[in-house]
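What follows is a set of structures to go through.
The following pair of complexes shares a single chain, chain A, combined with chain B in the former and chain C in the latter.
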Partner chain A sequence: MATSSSNTNKADHSKNPPLTLRSSDGKELKIFRIVAQQSSTIMNLLDLEEESNTDVIPVSEVDGSTLEKLIELMNNHTEKSFNYLGVKERKKFYNDFFANWKILDVLNFGLVANYLGVQVIFDEACQKMADMIKSKSVEWVRKVFEIKNDFTPEEEEDLKKENKWAYERGDLDDGDDAI
Partner chain B sequence: MYEDEMIANNEDLLIEILLWLPPKSLMRFKLVCKQWLSIIASRHFSELHTRQQRDHLSHDNTLRPSLLLRLAESSNYFHIQQSFQGQKWSSYHFSPTLSRPIVRGFSNGLFLLQCQNGEHPLEECHVYNPVTKESRVISLNNSDQSRCVVGLNLAFDPLKSPHYKIVCVRTTRRRSSLLWRSWWRRCQIEVYESDTGAWKLHEETILAPSNTHFHQGIYWNGGIHWNKIFFDLHGNCVRKHPEVLIPDDPRTVKFCDYVESNDYLHYVVYLPEEKSVMVFELLSDYSSWTLKYHINLDIFSRPLSVLSMIRRESEEDDMLILHKPGMIMAYRFRDKSVEVIVNFEDEEFYKEQCIQFFSQCTIQYTETLAPP
Partner chain C sequence: MIEMGEASETESRTLLMSSSSVEEESLRRSPSPIFGRGSCGGSRNTSPLGRMGSRNTSPSRIKTKPRGLDEETAATFSKFVQPDIRMEDNIWAMLPEDLLNEILARVPPFMIFRLRSVCKRWNSILQDNGFLKFHSQVPSHGPCLLTYWKNSQTPQCSVFSLPLKQWFRIPVTFLPRWAFWLVGSSGGLVCLSGMDGLTFKTVICNPLTQKWRTLPSLHYNQQRQLIMVVNRKDRSFKVIATSDVFSDKSLPTEVYDSKSNKWSVHERMPAVNLCSSKMAFCDSRLYLETLSPLGLMMYRLDTGQWEHIPAKFPRSLLDGYLVAGSKKRLFLVGRIGLYSTHQSMKIWELDHSKYVWVEISRMPPRYFRALLRLSAERFECFGQDNLICFTSWNQGKGLLYDVDKKAWSWIAGCALQAYNSQVCFYEPRFDSVIY
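Now for the complex of A and B:
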């Protein structure tokens, strides 16, 4: 993906060979330095590695499949054309990227983007999760995120009374598409 | 594969997700658990959410503003809002602590109300959030009994500050005489600032035609806008709008009103005899009004009134909200399509051959979590 762009990238290949990242499950993935700069964590790990002179940077908190997807997104971000996308196109791009993902996968992806310090992708993952839950019921949210209801029945009743109109059932969509 | 309680243990992540949710969803999710309640109900979160929301709205073109409409000759309000299944129409009930409120001012999702049946209807007003239904009472400065309130307005811009201002316009009580009719009246402006809790009297007085309506001024571009004039809150001065170039023939029936939408100030002119609507937009340097839309409504019989103009991020979503007998409709400028949003012919309040909703009683707003 990144290799199909301009001449400057070709020049980069010879001067700056791609870095190798190793995931928690031993998968080795290549990433160009210019792309890796989006991740403050990788840059920090790189500094450590240069001291110990090995070629491979271990990213022990992240599994191979997630890391691969993240690198794919980071590659997209470095392409010039991406930065010229309008708001609608950007939204469509991310909708397509996250299409059919399960919400816990998006959550995991967001956590990884956060760990690697790639703010833009973290924001998009948070937005996607908000989109996926905004029209769901309270019960659905508790079920999917395994959250325990720690209110007493009286406390719940009081809260419901205060915000009566927010609970109209007709408004909600508890489809299982996101689970 | 996933840690237990990933969400619970990651409060920062949870907050980041909650910040993207619309206010209505957040009100509902207060019930998920105590941790979610404590985040959503915190003032810090509400202010952060309110500030960020304006930014977020430009990313989501599916969110439409809500409309609050007052039924003519009544204190009943109705609500048109976005719901998962499309537009929803319902009666709007204010918080039960407020008796027969009427909306005097509105700005970025907060309202300013006066309670007609309250204990001290003339001595106080309420800043109100229609989503959370929280309100705060503000006492008016009635020290000078010779002056009465003719206008109450709200200025709130969460991008600038979580604090709001109230602009109160007063005039000297005049004993009316059969022989002398005042075409003009002299008005004074007082500004209340919520961070200091104090009223400041403005030195310059305005001389305005007696029929100038000083309630429901539109807050836009740092000023409160009334008919042809506005109060610049930065410069603390009253200024005039540039002229709008429309036929000024007094014989032509025209209905005009100012509407703010998506940070643009519009002047909407409806000419029923010519079956046309003109929408002007004021440039932010106040140099002139530009004609944004000029449409012909030949395609269907003329509406009773034009209620509002909704401006979106892209022109193809811009629309006009119209009232026809028993119905409220949306007319999309780009493809000239018409969508019936509400049909109230079966409702008790429906009256044939009557204008039941006016643009002056229609408020377009975006839901917010802002604390009053």
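Now for the complex of A and C:
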């Protein structure tokens, strides 16, 4: 059913018109049913909408711009060519997608993907966040995650000493690019 | 008498897994239950989060209820209940534990240790058995190279992570003093051997968790060629002891099985030729190279019997290494024509049906010249999962050949030292158990 050309997609779905989602800030976005199937939440909401006979599905917890990006990604996933991407190419694809995102935006995106029940995208957002924090210093992590350090200086020193081999090669990159 | 232990006082505190957490059986990474429209009624599990959730409650979900959806069944997080939050409010402060686990599980193993210092909550999460198991289920953070070196005093173990292009020096002072030789690594476990006085002993450890255990002694106390194999499905491992290192006499093959914690004695290898130290294990068979003339012997684990494989070795092959590939593939790697101007390094694969070595690749001359500057220089060769690694100590370089992609590449950022002469592939895993 799904082909790589969006024109053919539209032709196939003339019988199944695209769904309309309305974001929390009133933005209306179209999504084809076959694409929307990736989201269990949308499918659930669809059931309810069909009962109440309206045309628009409110996705009131998600803002328009995030929803738009998510739909874009979901569209990519339904393209046949996407499934043939090798591991490295997929990684590059997501790196490009998340390029220059701040970590807070990735988190927000991940929460939205979780809310909408889109497993693959949720996993990728978590992977991106893991990649963003892995080479950062402890201080950076605390700052970004707004965590209070509840260790005493002695406890922290002990902990660092035990794991000091993990602190060697301190090429930590605390660049503010991710915040 | 079984020796085992945990790292000494100073190292024990954080690197050990806390034993107080309960093992969670449900943490297998089964496909997350996202139901499409066709799912039957009742509570709809729509959240990718919750794979780490507790056993029988419905999988947890971040509490951001969409308007218009049925009242969700009371989903609780395994650790604490989150008040209803709007997504914009203070996300970080209320970061649900499930989401944090999903992020941290994807952080490479070596980076986890540093993150324990962030705060007490993170320290606790990152040492929790359940989390570590979850972490180990995320696709491998390897391959890594592990090197082991011991002078008379201190053992040194360094791991090079290929994906991170970084060296980590792992503390291994917990190992017994006699652990001298690196046998190999498989499934996150590392096996070493040595002479404790007059007794030949073997030890198994997981460098990440710092847990270790000396195996029972062999029936025949001689310094033997060993190979370790891990079965990840049933979480067990075996160690096979073949020939006497000094090859004076032929000894019965002994096999250690972690399930019974015993060595069993099997057939003596037919005293055909001199045994080399070159061995490879694949498809539940152990292959061993014999010298003068070059030949191949095979030991079957299921029958405990040796067999001679009549595969003719390439002429004028020197330093032939046996390397196991994935599934049943067996490779032979070595130099041809040592003293001729047309010296080259080649890779053959065994055709199991015809018992013939088929040439599959040849190292391009520019790599060969860069790897071995002097024609008679020594090199090490080992492999895992269709990746073959060449290391040259004098040149301090590592070269990789990917059999599937037919691609050669230098290992970036990996400056090897002359003393790293014991090296193998290693997969850092928190969940590999030494029992």
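Convention: the second predicted complex is superposed on the first by the 167 of 179 C-alpha atoms of A that agree within 3 Å, B and C clash if a C-alpha of one lies under 4 Å from a C-alpha of the other, contacts with A are read in each partner's own complex, and residues count from 1 in each chain.
Operating definition for what follows: a residue touches a chain if its C-beta (ideal position, glycine included) is under 8 Å from a C-beta of that chain, and two chains touch if they have at least 3 such contacts.
Nothing here was measured: the structure is a model prediction, and the numbers come from that model.
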With the two structures overlaid on chain A, would chain B and chain C clash, or do they fit side by side?
clash
Partner chain(s) touched by A:138 [first = chain B, second = chain C, both, neither]
both
Quick check for you: in the superposed arrangement, does A:163 touch first (chain B), second (chain C), both or neither?
both
Contacts for A:154 in the overlay, against chain B (first) and chain C (second): which applies, first, second, both or neither?
neither
One more residue to check, A:113. First (chain B), second (chain C), both or neither?
second
Once the structures are superposed on A, label A:96 by its partner contacts, choosing first (chain B), second (chain C), both or neither.
neither
Counting residues of chain A touched by each of chain B and chain C, the higher count belongs to C
Looking at A:58 after the superposition, I want to know if it touches chain B, chain C, both of them or none. Which is it: first, second, both, neither?
second
Touch check for A:88: first (chain B), second (chain C), both, or neither?
first
Let me test your reading of the model: by the given contact rule, A:37 touches which partner, first (chain B), second (chain C), both or neither?
second
Return first, second, both or neither, reflecting whether A:48 touches chain B, chain C, both chains, or no partner chain.
second
Taking 3-11, 39-47 or 75-83 from chain C, which overlaps chain B after aligning chain A?
3-11
Would you mind listing the overlap between the chain B footprint and the chain C footprint on chain A?
104, 107-108, 110-111, 114, 122-123, 126-127, 129-131, 133-135, 138, 141-142, 145-151, 156, 159-160, 162-163, 166-167, 171
Please name which positions on chain A make contact with chain C in the complex.
37, 40-41, 43-48, 58-62, 104, 107-108, 110-115, 117-119, 122-123, 126-127, 129-131, 133-135, 138, 141-142, 144-151, 156, 158-163, 165-169, 171
Can you list the chain C residues touching chain A in their complex?
10-11, 13-15, 32, 34-37, 44, 46-49, 61-62, 64-69, 86-87, 91-93, 95, 99, 102-108, 110-111, 113-123, 166-171
In the complex, go through chain B and note every residue touching chain A.
1-2, 4-8, 10, 13, 16-22, 24-25, 27-34, 36-37, 58-61, 83-85, 88, 133, 313-314
Would you mind writing out the residues of chain A in touch with chain B in their complex?
87-88, 91, 104, 107-108, 110-111, 114, 122-123, 126-127, 129-131, 133-135, 137-138, 141-142, 145-151, 156, 159-160, 162-163, 166-167, 170-173
